[in-house]
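Order of writing sets the chain letters: A, B, C, D, E and F. Residues in each chain are counted from 1.
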Amino acid sequence: MGARVPGAPAVPRFLDMTWPEVAALPAGTVAVLPLGAVEQHGPHLPVSTDLVTASEVSAAAVEAVTQAGTASLVLLEPLAYTKSDEHAGFPGTVWLSWDTLMRVLVDVGRSLAASGIERLVFVNGHGGNSALGQVANRELRRRFGLRTFFAHVSTPRDQGGAPVAAGEHGLGVHGGHSETSLMLHLRPELVHLDLAERRVPEDLLVHERIGFGKPVSFGWLSSDFGPDGHVGDPTTATAEQGKVLFEHAVAELAATLVEASTFTTPADGAAGLDPRDRG
Amino acid sequence: MGARVPGAPAVPRFLDMTWPEVAALPAGTVAVLPLGAVEQHGPHLPVSTDLVTASEVSAAAVEAVTQAGTASLVLLEPLAYTKSDEHAGFPGTVWLSWDTLMRVLVDVGRSLAASGIERLVFVNGHGGNSALGQVANRELRRRFGLRTFFAHVSTPRDQGGAPVAAGEHGLGVHGGHSETSLMLHLRPELVHLDLAERRVPEDLLVHERIGFGKPVSFGWLSSDFGPDGHVGDPTTATAEQGKVLFEHAVAELAATLVEASTFTTPADGAAGLDPRDRG
Amino acid sequence: MGARVPGAPAVPRFLDMTWPEVAALPAGTVAVLPLGAVEQHGPHLPVSTDLVTASEVSAAAVEAVTQAGTASLVLLEPLAYTKSDEHAGFPGTVWLSWDTLMRVLVDVGRSLAASGIERLVFVNGHGGNSALGQVANRELRRRFGLRTFFAHVSTPRDQGGAPVAAGEHGLGVHGGHSETSLMLHLRPELVHLDLAERRVPEDLLVHERIGFGKPVSFGWLSSDFGPDGHVGDPTTATAEQGKVLFEHAVAELAATLVEASTFTTPADGAAGLDPRDRG
Amino acid sequence: MGARVPGAPAVPRFLDMTWPEVAALPAGTVAVLPLGAVEQHGPHLPVSTDLVTASEVSAAAVEAVTQAGTASLVLLEPLAYTKSDEHAGFPGTVWLSWDTLMRVLVDVGRSLAASGIERLVFVNGHGGNSALGQVANRELRRRFGLRTFFAHVSTPRDQGGAPVAAGEHGLGVHGGHSETSLMLHLRPELVHLDLAERRVPEDLLVHERIGFGKPVSFGWLSSDFGPDGHVGDPTTATAEQGKVLFEHAVAELAATLVEASTFTTPADGAAGLDPRDRG
Amino acid sequence: MGARVPGAPAVPRFLDMTWPEVAALPAGTVAVLPLGAVEQHGPHLPVSTDLVTASEVSAAAVEAVTQAGTASLVLLEPLAYTKSDEHAGFPGTVWLSWDTLMRVLVDVGRSLAASGIERLVFVNGHGGNSALGQVANRELRRRFGLRTFFAHVSTPRDQGGAPVAAGEHGLGVHGGHSETSLMLHLRPELVHLDLAERRVPEDLLVHERIGFGKPVSFGWLSSDFGPDGHVGDPTTATAEQGKVLFEHAVAELAATLVEASTFTTPADGAAGLDPRDRG
Amino acid sequence: MGARVPGAPAVPRFLDMTWPEVAALPAGTVAVLPLGAVEQHGPHLPVSTDLVTASEVSAAAVEAVTQAGTASLVLLEPLAYTKSDEHAGFPGTVWLSWDTLMRVLVDVGRSLAASGIERLVFVNGHGGNSALGQVANRELRRRFGLRTFFAHVSTPRDQGGAPVAAGEHGLGVHGGHSETSLMLHLRPELVHLDLAERRVPEDLLVHERIGFGKPVSFGWLSSDFGPDGHVGDPTTATAEQGKVLFEHAVAELAATLVEASTFTTPADGAAGLDPRDRG
């Protein structure tokens, strides 16, 4: 990246810039867009959980890379409201339909491309966004030529992530040990650990093919697992474990952002598309 | 409203609540949704200007009312990205199309209604959202029975607001004296007053019928007024003026929120709609 | 405008022209599109009220300007069916949803632009169209480069218009003194004054911030005010008052049309838009 | 139908009614919706041609049936702007896309059903609407239970109608002998017969399977036939022929309307649909 | 067409080709897209009936023409699921809404145009697709410049086809004598002739204007005719009659395909469209 | 499942059934929907590759389970045309946009639910459908209460599948060793092994975070990797390897289908959803 101005803020935020400053971002600058959620997370966690984790991990990683001077980055304001349809049955869930969120992602990507941004990393804090994010990843590449990347804060189990609490048997997909630990580290005042109860659907373990983290996914609602809303075991969560998870996530994302700043493919397939194919 | 718990946070934020806490909000609670924008504001103001003003005014007004105990309120996370199509030609503008924003507003309203919320106040910081916000106001009333209200942070001139800088002749609609003053009060470190120049399209004054704040509106882009992006005179802005504007806006919004908490109409027309009319 | 042919019809109607005649319209010709409505107007007025007023005022103003030779105009066939969702609960209301009407406005504007028309004035007879009309105003400017204008036949109270009947306290927004007077002047045979009753929701007056013509709008349905459908006091209406209102509206619109024919901005922002921004 | 009030207007117009009058329409009343077009019709006919013919035939037929007292009818305001995409390349064509028009038709049908109307006849003056009108016919039946009918003013050749001018060889599909004759009868002052030229694409006659009025239709634009816009031979048109065509069309439509007022099927399939099937 | 390679498959299938083989198709090659349906066909026929007939007729006609060397053709994989909304009330019907099917047809046409295909023939086996297919025919012509054609396997009675069983009085529109005969010829093992019953709605014959094959169409559901689902008389069907119908349909389609391969219009109207008109 | 009728077809196909047969399917019957693609697969494989593999694996697995009598299954006609936008730049690719495919999946799921089907397994042959399929999985669960499952024929590398050819370094994502082997087993006459070349983008291996099968996905087009279209090494493919892969895939899918027939969750969350949440 180009020379950083001494005294520049540690986290270069898109929101803080004027339009000429955006226009002057170095070629190759990577825009970072956290994807949160506003959705029920059981009786013990705030509805902002995924927004908090995506925002905090993104800010810390952007700061670290910017400090190191290893890539030119700019942090976008997160999307707070996303696709939380699996939690539709619970008060506190504010969810966009699949087509609404997709249109938002396309509009944001279009705007960034028209602003001269060429690289975009989504940092996703909500597993329910992963699939549609992949669709957007490609749509923005094809239509606007953006180089797009989709990263996870802490990959949920049904997206291929690793379990961290053995007692959850890989079933801690929402509001369980990991998320609760992260929030104990990041927002302890918002965690009601006294209300946390173990909700691990162990009956799922009898299946070999279908299930969280198994080869065949199933369409689930959180209300398929009972009236509480979370799926996992928050009772074992600790702030210390949360700190470890957080620092690990920040380090991983920092590495991702550096890679994204120079990532290329053998050809630039978007450049030669027929306008009809760009659609 | 019901008795407030001593020691509760001054600003009750939806994000901080668990879903049972949302479910337990008193009947009549007013949800407050700030509408910001991420869009060019000339060379002297950050792209976040409308988001900052909507968020800050909303938070201060919610806090004031909550402290006074005159209404039960809950503050929602702002919408950062909205309909800034009039600034489409400038880097730094991230805009949603009319149908994308409308879908977002409908999805958010639907979710709030399903969460048991019955009253919603939009607090709009971006004049370009005013028209579509009115459309959403009614749509949410008809389809979901929400009592909806649309308030402005500081009414832009073409929406009926009053000019505060005589030298702008009522033409300071974007990044002019008022907005710059507000930002000097709220985020002085982000204001580049040295780059501010007077950009007042005085030729518009020859028209009696058409123009900002006149009976006939016209479809304009900020690039219709030149390459800088702002329309108005930021050079006269001061933090002191901004403080006055801010406190005035907070007081007005606080009064609005109290009114909204008990506002009724002679009948409840949404209750009796044919499902086909709810559409 | 160019020389008018003696004997040409007083009202140049788009419908009456052949396609080569449309193609030959002088540069700068202003197209005038009345926006009506087909919706309940209480037991005393026909559902066509807004269509009648928009059409009659438009035709008279176009005729006056054309006679005077002060601008080249062409009158389009009105849109009869528009966004009357606030009256959805009543038989006789034929309403388009927000997205249907918006698509119609975009398609009409696109067609006019492709026909060589560069200026378009909406003349709106129905308050419920005002907001979406503003959205269309800008959309057509950005996407097709049209110079667009949005004018009101007689501005309803919640859009900033002035009350004319003191006894209505500014609450005569639908089927009240003004509209009834206009119809007594224009279509006396369709007015059932014997069925007219005073329906003024005076309870709204206790609010300072929220209400018709006040800073904060609210999402309302006409059924929120009772089973009759109108809001205002038609009992005081007279044909004489209607004549005054009509002639005033015609004079105002005539002035608007002349202004619209030469209205410019310092730059032509639509000309330089990135195709992605035109979107 | 019930007893008609002596002195009632010969043509019962929906527009002229108040909402209680609409609510009081007898069960079985047939609503009649003319579908016009605003589109190029060659250098000799106005762009309103299809709107004029649909409106005039509808009004005359509604009047005749109402006078005879053989059915209860109500005439709706025509749709002026419809799907004229085949004439997109010509100034003067104002066209709605397929999805816009379909949404309009659905919204109008939904509104009528919610108003208590149970029967709807489309009277189509523009061949380009025929196909989508069939789609709407069924959509309104399934979703709203309306009994719907789709009738043609004068069936264009590619929709199965009969040629009336032998010299056109069945190729007078747009602005030819028939339409020009009808307009010479209905609006002689708008017909520029001096500019009419024969434009019959006789090369099409070599095909046995594909063509106007043949078993296989083809996707055509009027610009596929040359720069003038019409397809047919207007030079042979006469007002006398137009009068014959008009009276024939009126008589046919009158018969249709009477049939539509009592038409039934063995069962009411819409009544028992699963809500998911009504979709 | 160019020289065919000896030994090439009798039916050139798009599916069997590699992309360079598609790219190398001769200019003027006609793509053939069968449109089937998956929908109830009464208790005696499989839900695949329309898919079977469209596929088999298409394949046989493509083979015949290819053998004869009279045109260059390529057979596309049929669309199995289409617009069967008239059969929505019956298990076994899998139907796309009008907008879904239209989008599919547009996407397929766009893809073919981008692949270098210039001519496309739809071969429709399901009457319920005819109207929307006409809309697609034109949309693909206008937007992508494709030469499009819409042919019927065996034209249903309400689309202008001829009745073949006198006892059906032209009312055998679904699952009647003709379709059952065709299936007895093509898939005898799937026909349950023992369950076939006569279901001819003879009451419709009293109408002169409205009905199947009459000038005025009506919006019908198959459940409007009773609980069985078919409309017609399958009891008279025979495999011999099916063979005659099939061979007739193949011969007609073969003739159509040859015509389509050279069909031209006097001008190429799509070539000169304004991009806004291509829309 | 209930008793199977001796002599029933080995593969129970939805297409072959009458509607009463569909209505009579046992409760718990699992519908199986193969998702194919029609898209370029390099110069050596036909565009039908993914359709062939999905169809063949599905049919074989359905047959095996049906023979074993371990579950009641019904095989649906595959979707041939799906979301192949990553191959948009190549002739032979026929692709649906994300919203078109999503609407198709929703319409099919809605129809199956209305037909009494309660369980649906997607069997996906095209990696580009995986993400949107996950979205549909949940949408159908929430809106229609279907129990949905998403299975892969042979999981592509970027979806978590295992590489089978060491020399591809996990980069054989499209038209490489595995797919070519499968096609050599299933359709040897359509494979042009003489045209197969090694196209392994080994430069991607330098990245640790971003890439096929790595934690961070990237939005790619096949044209990003060069002009040939495939990504992988087909030169090592053999029919023997294809047979092993096929039999493995069939066995896995058979196990999946049996599991899907009895899979439950602790609660039925879809049953209690607010209609607004069902959306």
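Convention: a residue touches a chain if its C-beta (ideal position, glycine included) is under 8 Å from a C-beta of that chain, and two chains touch if they have at least 3 such contacts.
Quick caveat, the model's predicted, so the values are computed rather than measured.
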Touching both chain B and chain C we find A, D
How would you label the chain C and chain D contact, same or different, if same means the shared numbers make up over half of all numbers there?
same
Degrees of rotation, nearest 5, to put the Cα trace of chain C on chain E?
120
Please compute the C-alpha centroid of chain B, do the same for chain E, then give the distance between them in whole Å.
54
Measure off the straight-line distance from the CA centroid of chain E to the CA centroid of chain F, and report it in whole Å.
28
Between chain D and chain B, distance of the C-alpha-averaged centres to the nearest whole Å
47
What residues in chain C touch two or more of the other chains?
88, 97, 99, 114, 274, 277, 279
Each pair of chains that touches, named by its two labels:
A-B, A-C, A-E, A-F, B-C, B-D, B-F, C-D, C-E, D-E, D-F, E-F
Touch list for chain B against partner chain D, complex:
274, 276-277, 279
The residues of chain A that touch chain C in their complex are 110, 113-114, 144
Would you tell me which residues of chain D are touching chain E in their complex?
83, 85-86, 88-89, 97-99, 102, 121, 128, 130-142, 146-152, 155, 160, 201, 203-204, 207-210, 215-227, 252, 255-256, 259-260, 263-270, 272-274, 277-279
In their shared complex, chain C is touched by residues of chain D numbered 14-23, 38, 40-48, 51, 76-77, 79-81, 88, 90-97, 99-100, 103-104, 107-108, 111-112, 114-116, 190, 192, 195, 229
